[in-house]
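Consider the two complexes below, in which chain A is the common component and chain B and chain C are the respective partners.
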Partner chain A sequence: MEKTTLKKLCLFTGLLLVGLLIPLIVKNSYWLHVFAMAYFYGLIAATWSFLDGYAGQFSFGNIALVVIAGYTSGLLAEYTGLPLSLGMIAGVLAAGVVGLFIGYLCLRFKGAYLSLFTIAFAEAIRIILNTEHRFTRGPCGLHVEGLFNTTSVVPYYYLIFFILAVSLFVMYRMLRSKWGLFFQAIREDDEAASAMGVNIVRYKIIAFVVSSIFCGIGGVFYAHFSQMLTPNFGQIATMGLVIGMAVIGGVENLIAAALGGIIVQFGLEWLREFGAWRMVIFGALLMGVVRFARNGLLAPMYKKFIGEEV
Partner chain B sequence: MADIDLNIAGLKKYFGGVRAVDGVSFSVQGNELIGLIGPNGSGKTTMINTINGLFFPTGGLIRFQGERIDHLPPYERAKRGIGRTFQITRVFHRMSVLQNLMVPALAIGKEPKKAIRERAQEVMEFLTIQHLTGENGGNLSGGQQKLLELGRVLMLDPTVIFLDEPFAGVHPELCQQIYAYIHEVHRNGKAFIIVSHDMDSVFSLSERVLVMNEGQKIADGAPDEVRHDEAVIDAYLGDASAEDQIEEAEVSNSTGRG
Partner chain C sequence: MYSPEFFLMQGANGLIMGCLYALMALGLTLIFSVLKVINFAHGEFYMIGGYTAYFLVSVVGGVNPLVGVIFAMAVLLVIGSLFEVSFLRPMHLGSVDRPAEYAILVTFGLSFFLQNLVLALAGPFPHRTSSFMAGGIKIGVLTLSADRLIAAGLSLVLMAALLLFVRKTWTGKAMRAVSQDKDAASVTGINPLSMNNIAFAIGASLAGASGALIAPIFSVVPDVGVLPSLRAFIIVVLGGMGSIKGAIIGGIVIGLVESLGAGLIPDPSRALAYRELYGLIIFVLVLLFRPRGLFGEAA
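And then the complex of A and B:
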C-alpha cells in the first residue's frame, strides 16, 4: 500500500471513529445538537468547495437549494400527505433540477456575474417563501415533522454523520476521477480546457447538479431535524457563513472545507456568550485567512500530512 | 503518413465594423508545415480562434476530413484532431504539470488512465520537463510554460496543430529545442500551422508560408516565392523592422543558420 493511501486511511478511519464515539462521550443533548448542525454546515461547505473550489463556479445559491429541498419535503408532507420518505426524495430531486436549471442558465457567466445571478435567485426564493405566507406560513415558519419517534438527538446525530461521511466519500471519488481534473481545468481556464477537448457545458452542469443534490440532501435533513423552516434561513448572511466556513477550512480541498464548516460552527456556539461579537471574531478570522492563507487553514495541514491535495 | 484534409473557404469573422478575418481561403493537405505571418492586427490569431472554435465564424466554411465543423464547439473540433497553443500561454496554473498533460488525453478518452500516465511521462521526457512533474503550471518559467503547452497539445494527439507565437519571448537555445520538437512531431505525420513574428524561424521552418494583412490572405506559397511577393513587401512597408527581418531571414537561410 502506498504511503499516502495509508495516511489517508488512517485519517479517515480516525475521523470516522471519533464521530461514531462522540455520542457515547457527550451526553448533553445541546452539544449533540451543536455537533449535528456542525455536520450539516460541514456538508454544505463541502458542496460549495465542490462547486467553487474545484469547478470555479462562485455561486451564492447553495443555501437557497437547501431551503428549496427542505420546503419541498415539508410542504408535500403538509398538503399531500405523501409519506415522508417520498417527500424527502422529491426535495432532493427538486434541488437537483433547480441546480440543473441554474447551471444551464449560467453557462456563459463567470465570476461576479455568476455570483450576482445566484444572489438574485436566492433572494427571489426567500422573498417568494415570505410573500406566499398563506401557503408556506411565511416568517411564522413551516412546521415539519420529525423523522424519529423520540426526543433524543442521538438518531439525528448518527443520521447526519452518516450522510456527511457518505456524501464526502462520493464527492471525493468524483473529484479523484477524471471529472475532478476537468472541473479544475474549467476553473483555471475554460476556453483552454475546451480547446483541449473538455466538454465544458457538460462538466459545468454536472458540477452544479452534483453540488445541488448534496445541498438537497442537507436541506431535507435540516428541515426534519429542526422541524421548523423559515424563509430567512435562506438569506445571504447564511450563505456568507457557509462560504466563510469553506474559505477558513480551505476551499480547494473538499475535506478541509467540510472540517472548516464543522469547526467554525462549533466555534461559533462555543463563543455564544460573546453575543454579536462572536461574528466579529469570525469576520476577523475570515479576513486574516483571505489575506494570509489563500487556501485556508486546514488544507495546507492536510497536504502536509497526506502529501497530496484531494 | 496521416491523411489530413483541412479546408477553409471564404472564412469571415467580424467584430461589429471590424473585419478581423475577411474571406480567407486555404487548405492543408497532408502533413504540411506552414508558416502564417502578417503585421500586427492582420487577423492571424482571430483566424486560429475561428478554426479552433473559440469564435464562431461570421461566414464561410471549415471542413475537416470532409466534415463541416464550423458549427461545432472547440472540444468537438479538438476531438476530431485540431489542436492549438495560445499566443500568451494558457496552462492550467493551479494544476501540476502531469495533470495539465492528462486533461486532453482523458478528455478524448481513447486510452485507459494508466496508458495516459505513461504517455505523459514520455512527453515530459521528450520535452525535457520530467523533473517538473508535480510542479504547478503557474510556477513554471515562460519558456517552460511554452513547452508544457506544446506537451499538452501532443497529449491531445491531433492531426493539425496550430502554434500561436511559439517563439515569442523564448530564449534562442529553447527556440532551437522547439524547432527540433516541431520537426520530430512533423515527421510523425502531423500538420503544423505556425504563427510567428519571428521571420527567421518561419522562413527556415516552413515548407509553405501564408501571409495575412487586414484580415485577408495576400500570399500563399513556398518561402522563396512569398519573400519576393510584392503584396507582402507592400504590407510590411512602413514597418521597416519587418522588412529588415525578411531580408535577414533570406540571408540567414542562405548561410544555413536556423
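And then the complex of A and C:
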C-alpha cells in the first residue's frame, strides 16, 4: 500500500473513531448539541468547498437551499398527512430542483452571475417566508416534528455524524473520478477545458446540483433536529459564517473545509461571552486568512501530514 | 383606487427613489469597470455613510444635514482608499491566485466585518438623522416629501458631477482608459494602480452619499445596506456591467417598477415586502433574454 494512502486511512479511521466515541465521553447534552450543529455546519462548508474549491463556482445560495429543504419537509408535515420520511425526501428533491434551475439560469455564462443571483435569491426566499406568515408562521417560527421519540441528543448526534461521514465520502469519491478532473479543469482554465472537449456548462451545473442536494440533506436534518425553523436563519450572515468556515479550513480541500466548520463552530461557542464582538473577531479572522493564508489554516497541515492534496 | 393621481404619485416616488438607487449603482459600476471587481461591501459603505451622517448631524449636532452628507463621503473616500491599497492592490500586482474568487471573498469578508463591527459599536437599534427640511412640497396635484425631493436632487447633482469628472478631467479620462485596456493605458504613462485606487474610493464615497442622503428618510441599522446592495447588483446587471449609462437608466427603471408594482398588490404589508422581489424577477428575465444587460458589451 502506498504511504499516502496508508496515512489517509489512518487519519480518516482516527476521525471516525473519535466521532463515534464522543457521546460515550461527553455526557452533557448541551455540548452534544453543539457537536451536532458543528457537524451540520461542517457538511454545508464542505458543499461550498465542493463547488467553489473544486469547480470554481462561487455561490451564496447554500443556506437558502438548506432553508428550502427544511421548510419543504416541515410544511409538508404540518399541512399534509405525508409520513415524515417522504417529506424529507421531498425536501432534498426540492433543493436539487431549485439548484438545477439556478444552475441552468446562471452557469451558462462566465463571470460573477452565480454569486450575484444567489445572494439576491437567498434574500428573496427569506422575504417570502417572512411575508407569507399565515402559511409559514413567519418570524414566530415553524415548529417541526422531531425524528426520534426521545429527548436525548445522542440519536441526532449519530445521525448527523453518519450523514457527514457518508456525504464527505461520496463527494470525495466524485472528486476523485473523471468528474473531479473536469471540475478542476473548468476551474483552472475553462476555455482550455472547453477546447479539450469538456462540456463546461453541463459539468458546472452538475457540480451545482450535487452541492445543492447535499445542502438539502443538511437542511432536512437541521429542520427536524432544531425542530424550529425561522426565515432569518437564511439571512446572508449565516451564509457568511459558512463561507468563513470553509475559507478558514481551506477551500481547496473538502475535508479541511468540513473540519473548519466544526472547529469554527466550537470557537464561536467558546467566544460566546464576547457577545457581538465574537462575530467581529470572526470577520477579521476571515479577512486575514483570505489575505495572508489563501489556502486556509487546516489544508496546509493536511498536505504536510498526508503528503498530497485532497 | 387606481386613479390617475395614484399612478402619478407612484410614478413620482419611483423616479425619486430611482435617482437614489442610480447613485448607489453608479459607484458599483464605476468600481467594476475600472477594477473588474464586484464590490460585495457596497451595502456596508452605504450603511457607514448613513451612520457617519447620523453621528455628525444628530449626535455631535449643530451642523446642517448637508454637511453630514459631505462628511460621510469624505469618510468613505478614506475607507475605500485604505481598503483598496491593503486588500485589492495585491490582486492587481498579480500576486494572488484565482483573483476572481479572491475579489468576492475579500469584499464579502469586509461586508461581514463592517456589519458586525457597527452592530457591536452602535447596537441593533434604529437611528434616524434629522431632516433636511420638514414637511412636503406641493407640485401640481402632488405633495411630495421635501426630504425625498432634496435627496433625489442631490443625487442628480452628484451623478452629473461624476459624469463631468469622468468625461472632462485628465484623471477621469485616464480612469476610462484603464477600464478599456489596462496595459495600453500604462504604456501612455497612466498608472493603473492609482486609477484603481481613485475609482474604488470614489465608488465607495458614492455609496456613502446615498446612505447619508437616505438616512433622514429611513432609519439606519447595521444591516440596512443589505437590500440596497442587492438592488444595486440587479441594476448593474440590468444596465450592463460597467456601463455608467446603464447604471443610471437601470436605477430609474428599478425605482419605477418597484413603485408602480407595489401599487398593484392590494395587501399593503405584502406590497411593501414584495417590492424587493421585482428586482429578482427582472434579474431572471435579464439572464434569460439579455444576459449582457441593456448597455453592456457583448461577451
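Some observations on this one:
Criterion: the second predicted complex is superposed on the first by the 306 of 310 C-alpha atoms of A that agree within 3 Å, B and C clash if a C-alpha of one lies under 4 Å from a C-alpha of the other, contacts with A are read in each partner's own complex, and residues count from 1 in each chain.
Following the convention adopted for this analysis, contacts are C-beta pairs under 8 Å (C-beta built on N, C-alpha and C of every residue); 3 or more make two chains touch, one makes a residue touch a chain.
These numbers were taken from a predicted model, which means no experiment stands behind them.
Model built by superposing both complexes on chain A: chain B and chain C fit together without a clash. Between chain B and chain C, C contacts the larger number of chain A residues. After overlaying the two complexes on the shared chain, residue contacts for A:276 are found with chain C alone; chain B is out of touch.
Residue contacts after overlaying the shared chain place A:144 against neither chain B nor chain C.
In the superposition on chain A, A:120 makes contact with chain C only, while chain B stays out of contact range. Look at A:182: by the touch rule set out above, it reaches chain B but stays clear of chain C. Looking at the shared chain after the overlay, A:193 reaches chain B, while chain C stays out of its contact range.
By the touch criterion defined above, A:286 reaches chain C but does not reach chain B. Once both complexes are placed on a shared chain A, the shortest Cα to Cα gap between chain B and chain C comes to 8 Å. When the two complexes are laid over each other on chain A, chain A has residues 187 in contact with both chain B and chain C. Those residues of chain A lying in contact with chain B across their complex are 178, 181-182, 184-185, 187-189, 191-201, 252. Looking at the complex, you find that chain B touches chain A at residues 52-54, 73-75, 78-79, 83-84, 86, 90-95, 99, 102-104, 106-108, 113, 152-153, 156. Only residues 52, 56, 58, 105-106, 108-113, 115-117, 119-121, 123-124, 127-128, 130-131, 187, 235-237, 240, 243-244, 247, 251, 275-277, 279-280, 282-284, 286-287, 290-291, 294 of chain A touch chain C when the two sit together in their complex. Against chain A, the residues of chain C that register as touching in their complex are 38, 40, 86-87, 90, 96-98, 100-102, 104-106, 108-117, 119-120, 223, 226-227, 230, 233-234, 237, 241, 269-270, 273-274, 276-277, 279-280, 283-284, 287-288, 291, 299.
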